[in-house]
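Note that the chains take the letters A, B, C, D, E and F in the order they are written out, and that residue 1 is the start of every chain.
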Amino acid sequence: MPIVEAHILEGYSPEEKLRLTAALTNAIRLVVPASDEAVTVMLHEMAPENYARGGTSRSPAPANPDPKQVALAYLDAMEARDIDAAEAMLATGFRMTFPGTKPMSSISELIDWAKHRYRFVKKTNETVEAFYEGDCSVVYISGTLSGEWPNGEAFAGIRFIDRFEIKGEKLISQDVWNDIAEERQK
Amino acid sequence: MPIVEAHILEGYSPEEKLRLTAALTNAIRLVVPASDEAVTVMLHEMAPENYARGGTSRSPAPANPDPKQVALAYLDAMEARDIDAAEAMLATGFRMTFPGTKPMSSISELIDWAKHRYRFVKKTNETVEAFYEGDCSVVYISGTLSGEWPNGEAFAGIRFIDRFEIKGEKLISQDVWNDIAEERQK
Amino acid sequence: MPIVEAHILEGYSPEEKLRLTAALTNAIRLVVPASDEAVTVMLHEMAPENYARGGTSRSPAPANPDPKQVALAYLDAMEARDIDAAEAMLATGFRMTFPGTKPMSSISELIDWAKHRYRFVKKTNETVEAFYEGDCSVVYISGTLSGEWPNGEAFAGIRFIDRFEIKGEKLISQDVWNDIAEERQK
Amino acid sequence: MPIVEAHILEGYSPEEKLRLTAALTNAIRLVVPASDEAVTVMLHEMAPENYARGGTSRSPAPANPDPKQVALAYLDAMEARDIDAAEAMLATGFRMTFPGTKPMSSISELIDWAKHRYRFVKKTNETVEAFYEGDCSVVYISGTLSGEWPNGEAFAGIRFIDRFEIKGEKLISQDVWNDIAEERQK
Amino acid sequence: MPIVEAHILEGYSPEEKLRLTAALTNAIRLVVPASDEAVTVMLHEMAPENYARGGTSRSPAPANPDPKQVALAYLDAMEARDIDAAEAMLATGFRMTFPGTKPMSSISELIDWAKHRYRFVKKTNETVEAFYEGDCSVVYISGTLSGEWPNGEAFAGIRFIDRFEIKGEKLISQDVWNDIAEERQK
Amino acid sequence: MPIVEAHILEGYSPEEKLRLTAALTNAIRLVVPASDEAVTVMLHEMAPENYARGGTSRSPAPANPDPKQVALAYLDAMEARDIDAAEAMLATGFRMTFPGTKPMSSISELIDWAKHRYRFVKKTNETVEAFYEGDCSVVYISGTLSGEWPNGEAFAGIRFIDRFEIKGEKLISQDVWNDIAEERQK
């Protein structure tokens, strides 16, 4: 039954409000075992002049971009080997860990490490999930890898999962797990 | 600034309401870049007799258990080799995948497979995250593994991540990734 | 979808709140073609000290009795020939009209008129409906009459409808239509 | 004192909202003995994109036509002997009962029956009342009949009442009571 | 923490809504020791057709002018010796008291009295405060007086305070206290 | 028409809620020319566990004492020459100004100054007004003084006004104006 009302400043796009609606519905369902149909969400938009905190009106901050899209755009840039675009998405202090690596902080480190592992790799995404916890968005993307080993042999269907922490349009971290070593030792 | 009001039937415990409050706060922050302090949540509890849909009063469904606790209890039972307790937590149709395995559906399958891999393994959890998407809760637990190889040698600090799908008190699926093969091939 | 919230002073009984809930649901459905299930009603009860008009707190007025019950109690008293009880339910200025009568204002007038029509009559109610319009409640009761003609012959299945105007526990008017004459002329 | 707030999707006309406001005011007054002035109704209209059930936005259904107008239009068509227009307003399964008749389902049956009763009849309406109960609107119209008996003599001032069940623009049933037989037997 | 929501008819200007927002914030803080930042005010504006009392829609009354501005405009007119403008601002029954005077009701009385006290006087305002109590707005203005004594000597820095009662655009009363006599007797 | 809803934490006393209700009613009336009767205030009290900002529940701060009572208690203590009680009510940094004085900061300074002015003085209060502005409550008390001049002669009916700034239970400032000098020079 839960009915959720959110009072927000006006100015968010239909797509942003849809994301908000979905997130609030999921928040309820995490705790209350209502069917999806039983959760009603109402967004009440307010003109800035009709809202005040401490007697002062406020303007709406631009919405966060969809963190799923941010993570996917980064993976696309990496797959397209558009290193500049990918680098531009990294927050100061960015840190990434791949199977068997120490934490790395730049894409060039990653490329150095990866070139001994495969000629190229492509991701086929099966799940893309996002939520907010602590003080950033977290995105999980899992699916399978395909590509070529250094010797030119093809591989496919190798499970992977990536975890991203994202603030605004920037990646704070990327953690990657996959079954490449499992596959190689067969 | 967002202010969220949720109308719920009375009967949820303080702990359940705290989880709900936190989930709604996170839902807002996924989309609106408000600081944590700027998100206000009000829960309005209603006596069943004061709420009607279609002219009929409703009783509150018991809250979902905290899916983080469900996943952790399962991992505890596995670590304690309390197979009965762990089996009791599996939903009909449960399915699990470990590095290099086909999907398995019973704990005995898992034990068969694992006994060639290590004598025992312990998890040190670093992140435990839960959210709701689709029609179940999803829990991610990541951290490091320690234990003994079949030859009795100790290992530690091997990264892992588990993904659980949970409905109520039952696990629907478990997917595991880790760096064991990576470590073994060194 | 409509969601109705009514803020009322606390103190109404569950039965009274159920009537209120039903009336609000029906009010919505008179205009909005929502299914019954799609209309949500929330009653918000307030302690008198939390409500003020013109800076003054208010006490809740006792609810109106269910006008259907008032009308039915009157008909029961009449059928049981408990004239005192029936008279006690008539408002000052009460007025009633039966088929072929002038407006009458007392039960003795009615008895005089009726004794030439039948020895006794019983009502089998099929519909009992109530709503509020103008400044009183209106109740319609329809069904069939059975009884004995003055000559002792039995009759049954004769259609009737009564319309009552009711304020609080008192009847303001009763208007009766039925097929007795229709039946007699056969 | 009651304050009623209804959250509806935007798109209803001022006339429709006025009907809704009146119905909600009457609903309150059926139970709470507030003066008309003491009942406040606020309609909160929502853009479809700001309302979601189960995470999905909804469009407002067109309002029900005013059932009083539907019933009156039917009586006008009958009085004007516009049989096609009247037939077009009958729902599948329509059923009507007049004094002394079996249930009839078509207007031609009614005309056959009525031609022995009067040359023509006109209704002067005194009360027109509508409410919603069960799963349709109910309209009561009462007043007096005038017309000519089969022998050409005029009559007037004969009490009648009609009860209609209405869904959308269609009549589900019509039940009629009046004092014609009463009058004839004098 | 208090969150205040005010439902008002639409049509008030941003400046009027800002005054309302500030007044509601101050009202809360008079009782609840929240910091200014912790008081949130939301104004919900309603189209007249969406608000009904007793089933009747209402139009918004024009806002009261800012009583501070009314009082200041009166003092400006007096200082500019624009007697007509000042007179036009006095309500029927206006009454004023100055140090040592009986209540006076016209500006000419005031001028007669004042001419023995100083050649002219100017006000330097330090505080201008307004609130509502009883059935009118009250404005307090305090600061210092400067001007010339009847003998042409200058004076300055003499404390004063004026209290005004104001309804709409009219002054109901003015009460003045100051240290002129204190200063003269030195 | 305005309807004001304030969401507050539960725990305030009926007297405190009455003050809040009155203050909110006055706040509306400062701007909207509604009659007192037309302003409805609803206080919604929340259990601390049902309210969260930034995901953290809050406890209600104790209400401010009524600043009118604080000011009157101070004047009572002064009139009763209970210097200790009066001193205990002064905030650090307290400042007071009387007719013809420099700002003083202690009650002993005041007593020194006053002893040349009168043997004793009593206040008859006519208006006591309080509101909140800036970051403290302001109280105005006006009326008339009576007492004895140093020579033992009685006086009465001398106008005065006191302005207090108050935070919690402490006075921040007192400013006094009166007609004593006016009276003495007669």
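Operating definition for what follows: contacts are C-beta pairs under 8 Å (C-beta built on N, C-alpha and C of every residue); 3 or more make two chains touch, one makes a residue touch a chain.
Protein identities per chain, from UniProt: A, B, C, D, E, F = 4-oxalocrotonate tautomerase.
No experiment lies behind these values; they were computed from the predicted model shown.
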Chains touching both chain A (4-oxalocrotonate tautomerase) and chain D (4-oxalocrotonate tautomerase): C, E
Touching both chain B (4-oxalocrotonate tautomerase) and chain C (4-oxalocrotonate tautomerase) (chains): A, F
Remotest chain, chain C (4-oxalocrotonate tautomerase) as reference, centres from CA atoms: A
From the options C-D, B-C or E-F, the pair that copies A-D, where over half of the contact pairs coincide: B-C
Of all other chains, the one whose Cα centre sits farthest from chain D (4-oxalocrotonate tautomerase): F
Euclidean distance of C-alpha centroids - chain D (4-oxalocrotonate tautomerase) vs chain F (4-oxalocrotonate tautomerase), Å: 63
Approximate Å spacing (C-alpha centroids) for the pair chain B (4-oxalocrotonate tautomerase), chain D (4-oxalocrotonate tautomerase): 56
Of all residues in chain C (4-oxalocrotonate tautomerase), the ones touching two or more other chains: 1, 3, 7, 36, 40, 42, 44, 51, 53
Every chain pair meeting the contact rule: A-B, A-C, A-D, A-E, B-C, B-E, B-F, C-D, C-F, D-E, D-F, E-F
Chain D (4-oxalocrotonate tautomerase) residues within the chain E (4-oxalocrotonate tautomerase) interface of the complex: 14, 17-18, 21-22, 25, 35-45
Chain B (4-oxalocrotonate tautomerase) residues within the chain E (4-oxalocrotonate tautomerase) interface of the complex: 1, 3, 40, 42
Chain D (4-oxalocrotonate tautomerase) contact footprint on chain E (4-oxalocrotonate tautomerase) (complex, rising order): 7, 44, 46, 49-55, 57
Contacting residues of chain B (4-oxalocrotonate tautomerase) [partner chain A (4-oxalocrotonate tautomerase), same complex]: 1-9, 12, 16, 19-20, 23-24, 26-34, 36, 51, 53, 58, 60-64, 67, 97, 99-100, 129-133, 135, 137-138, 140, 142, 159-161, 163, 168, 175, 177-186
